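Chain lettering (A, B, C and D) follows the sequence in which the chains are written, and residue indices restart at 1 in each chain.
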Amino acid sequence: MSGIVLGDNQYGKAETHVVRVTRSGLQDEIKDLTVSVALAGDFAATHLTGDNSNVVPTDTQKNTVFAFARDGIDEIEDFGLRLARHFTGEFDAVERARVAIEEHPWDRIDGHAFVRAGSEKRLTTVTCTKQSAWVVGGLTDLVVLKSAGSEFWGYPRDRYTTLPETKDRILATAVTARWRYSSAEHDWGRSFTEARRLLLETFAKQRSLSLQQTLYAMGEAVLTARPEIVEIRMSMPNKHHFVVDLSPFGLNNENEVFYAADRPYGLIEGALVREHASDAGHAWE
Amino acid sequence: MSGIVLGDNQYGKAETHVVRVTRSGLQDEIKDLTVSVALAGDFAATHLTGDNSNVVPTDTQKNTVFAFARDGIDEIEDFGLRLARHFTGEFDAVERARVAIEEHPWDRIDGHAFVRAGSEKRLTTVTCTKQSAWVVGGLTDLVVLKSAGSEFWGYPRDRYTTLPETKDRILATAVTARWRYSSAEHDWGRSFTEARRLLLETFAKQRSLSLQQTLYAMGEAVLTARPEIVEIRMSMPNKHHFVVDLSPFGLNNENEVFYAADRPYGLIEGALVREHASDAGHAWE
Amino acid sequence: MSGIVLGDNQYGKAETHVVRVTRSGLQDEIKDLTVSVALAGDFAATHLTGDNSNVVPTDTQKNTVFAFARDGIDEIEDFGLRLARHFTGEFDAVERARVAIEEHPWDRIDGHAFVRAGSEKRLTTVTCTKQSAWVVGGLTDLVVLKSAGSEFWGYPRDRYTTLPETKDRILATAVTARWRYSSAEHDWGRSFTEARRLLLETFAKQRSLSLQQTLYAMGEAVLTARPEIVEIRMSMPNKHHFVVDLSPFGLNNENEVFYAADRPYGLIEGALVREHASDAGHAWE
Amino acid sequence: MSGIVLGDNQYGKAETHVVRVTRSGLQDEIKDLTVSVALAGDFAATHLTGDNSNVVPTDTQKNTVFAFARDGIDEIEDFGLRLARHFTGEFDAVERARVAIEEHPWDRIDGHAFVRAGSEKRLTTVTCTKQSAWVVGGLTDLVVLKSAGSEFWGYPRDRYTTLPETKDRILATAVTARWRYSSAEHDWGRSFTEARRLLLETFAKQRSLSLQQTLYAMGEAVLTARPEIVEIRMSMPNKHHFVVDLSPFGLNNENEVFYAADRPYGLIEGALVREHASDAGHAWE
């Protein structure tokens, strides 16, 4: 027992699913969020002796999410900041609060009816200490596909290489992108909309020699156009579409019929950072 | 052993994921389908003795899906008919072929790039015997929500009833609807678009006293407006949104803050049929 | 509107997750169930006018599941019968109640601690009308694999056939089996244990010429040995394990290295019935 | 463009599902693994210009997994080391290779037939640079439940606290544990078996005042008994089981009937480290 120390630890309530309706007569607004809270700080006692005098119950965290939703949610980055600052401000033992939010999109049918707009989700992760705050925005499950303009060749070959080179393949991926803001005060909605637009536009227009090149170009487009974003991290699985060999059936296949595979898949991950960016602090950890 | 007989049986290749790109220079088209084939017929021998002389391999079924995709997919109902008729026409032992297709939607970004349009899927189930064909169209995972205009009251109460009556609740569901066509030749694309529009429109505009009433009204709207559709079956989970009690925190909650629950959920299923409709035959089984 | 009639319909609360602990000092017992209720009967009014005077709320159904659990769960078939008979007995409008239960298995660590025993689940579906009761038992997600003793050859070949014949393949599947009992009173626990044992044992010992033959032999073993079971229905996906071609790397592969594919997969479904079995009634529908 | 730099990046083939059968006449052995490879190193060129001359294709990585499996898999830690060392040794540009493996358990039915032993998986993550190697072992989805011996009280209360204190609750979780070994050569099988046994045993026997205390005790038991393990990190969701209030039905509930909730859930994460442990290097990152 001696010689063993408690290392990094955190705890919180994960995936509180809150829906907030703002009513204004003819037209309602809805916000549909999954909120996860994680607190770090002076929690050695509960680990070592079961003394919970510093442990804000995760049930209380959930209640707080619902209570704060009553005053309106606005942009998820703002909601995350309110919550994270509350936990670090209210409880001495809480040295760091992280609030991660997924926003589920709805399209309007009419004033009081909505239809789910897709599986893509807007993300934020807000991290606050007693002194500082970091805001990361992002999106996930943005599924995109290029039917032309993608190549892959010039790679090293060894004993185990069988992949044929190609100057024309399908490129498909499900983008997860997270970007760090320079500060905790921005026009979050506009930043998100523009970052998303730049990611999509760059994916579409740039000829791709590798998924890495595409990832880099997408991140670069965001950093170039959005000065408030100082870093972007992306994860892009290569959702392989293999050309089906139809020659056994006496048929050619001019890159028209593809088998979409589930597993295994390539997974490309990369970050781009603005030189001289502010320190990332606790933004990502 | 004697006294035991083989009952209903079928087999086939499930979930062949085929993507078909139609190339025409400036603008590609894509079709993204998951195709499942199930064959029934004279298959007693393989069950009883392992004699496979009638068993079209599921691998062959998969190959056939890819080969047929080469000639273009067009509407999924047409593609299903071509495949199902092939299996019953080509193999004596195949008395009934069922082809079930899910179509995954994509929106265009530009001529050669696409973004996934949501989790909703268009469906068809085509069933052919050597003489006949039945076509069922449909959709699934159409997630909708009404923030107003939904009530639930007047239900029987017994010892176990605790639910409060409400004249104002959130109504949310994920619609699965399947509809049977009167024949195997229609303008499938237009029928689908209109049926979907009618389902959405009716969900939105009709005041709801129960999810059953909403389901019926949605089905009725489709049957009334689309003579080519003779029956519709719907499954609609009640995705409960519970009003959070904020009174312990000294806050009121005027139907604004909801907890979206996962399980348990209500599940409402119902069918509407046109009187004097043609016999459903093997359409659903 | 005229000329449209309400067809089959049912509704209920799905997936109420109840855990029942029976305490007896040194050693607790736990039962971990997911219970789904579906009621059919005189529910036209709510569909047509929103009159809910016959609609037992799904919330009440959930409450009833919890309340009935208090008196002990015993075998899931018994618990299903108690619940289904309650709904048909208590409410005039309920003509048919179906209760489907999944039981999640736990192994004991000690008197008060348990570890989840796997993903396999025991099933029952109990259906009651005001006069009769039908009990279906079963299991799902019983994943099994044969590394030898499986062949597949002698199948018809057409233009689209490329599959090589094999006298030695891996056979893997996830068994779902449901069996109908002759009446509503049996030693459910023993029947289940024996049926499961026979399914496993037959899968293991029988040389397989097709997955259909294996399915039939498994069902036949159950019907032969268990007179209380009059019908069995099985669904067995063929979880393909493909021999990896290592020859490009100068290596042979004597049926030792396999790629386990996710999709597409074969799907084999079949039923075996005892001749002169009692009528299935509402057991399956 | 100027002022933007490429940050951390890696890529590889994820989730290659390989099954290896070792044949020895009367009794086969199977190993069932999902293998994910991630390479980091000198990959700036492909990001910036699409020059792939350093990019070992993920397809080659997959081929390598299959080829290496032919020589036998043995313990997954060994297999991971062989693969990771191959990639760093074979390719100049690869500065760090990480191989993460999930092993799916099978129980034997007889010499050539197996049944899936549960959803729990054994894990390893092996990380190699050109000079060093780090091995992390572990497990995931070990679902456990205590029906007695768990309390939670003495926590701080604020405006949003409604949770009642309890001296008797159900404690259930799905353990993910990862532990770092002191070096790259150990009796992996024995270490795994013992670590798992200690985790289970401690969970069962220790009275719990908080899930954090239980987590710490479990980790401490492993570090105390297994000198080859120098650090352990655990993630344990609190799978809430709420006592159902049966009083509206005139029934008491002496901690016997529980509702098992899906979301939200508590999430407890913590690490324990041996003092003076060797540096973790790239083991976790």
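Assume a residue touches a chain if its C-beta (ideal position, glycine included) is under 8 Å from a C-beta of that chain, and two chains touch if they have at least 3 such contacts.
Remember, it's a predicted structure, so these values are computed and weren't measured experimentally.
When the partners of subunit C are compared with those of subunit D, the chains appearing in both lists are A, B. Two copies of one sequence, subunit A and subunit B, touch each other mainly through matching residues, since over half of the numbers at the interface are common to both.
Ranked by how far their CA centres sit from the centre of subunit A, the chains are topped by C.
Comparing chain pairs B-C and B-D by the number of C-beta pairs in contact, the larger count belongs to B-C. Centre-to-centre separation between subunit B and subunit D, using Cα means, comes to 38 Å. Centre-to-centre separation between subunit A and subunit B, using Cα means, comes to 31 Å. Between subunit B and subunit C, the centres computed from C-alpha atoms are 22 Å apart.
Each of the following residues of subunit A touches two or more other chains: 16-17, 63, 67, 160, 162, 248-249, 262-263. Shown here, the protein chains touch in all possible pairs. By the touch rule above, subunit A contacts subunit D in their complex via residues 1, 3-17, 36, 38, 43, 46-60, 62-64, 67, 90-91, 151-158, 160-163, 208-213, 215-216, 220, 223-224, 231, 233, 237-238, 263-276.
Only residues 16-23, 28, 30, 32, 63, 66-67, 69-70, 106, 109-110, 112-120, 142-149, 170, 200-201, 203-205, 241, 244, 246, 248-249, 251, 253-262 of subunit A touch subunit B when the two sit together in their complex. In the complex of the two chains, the subunit A residues touching subunit C come out as 159-160, 162, 248-250, 262-263.
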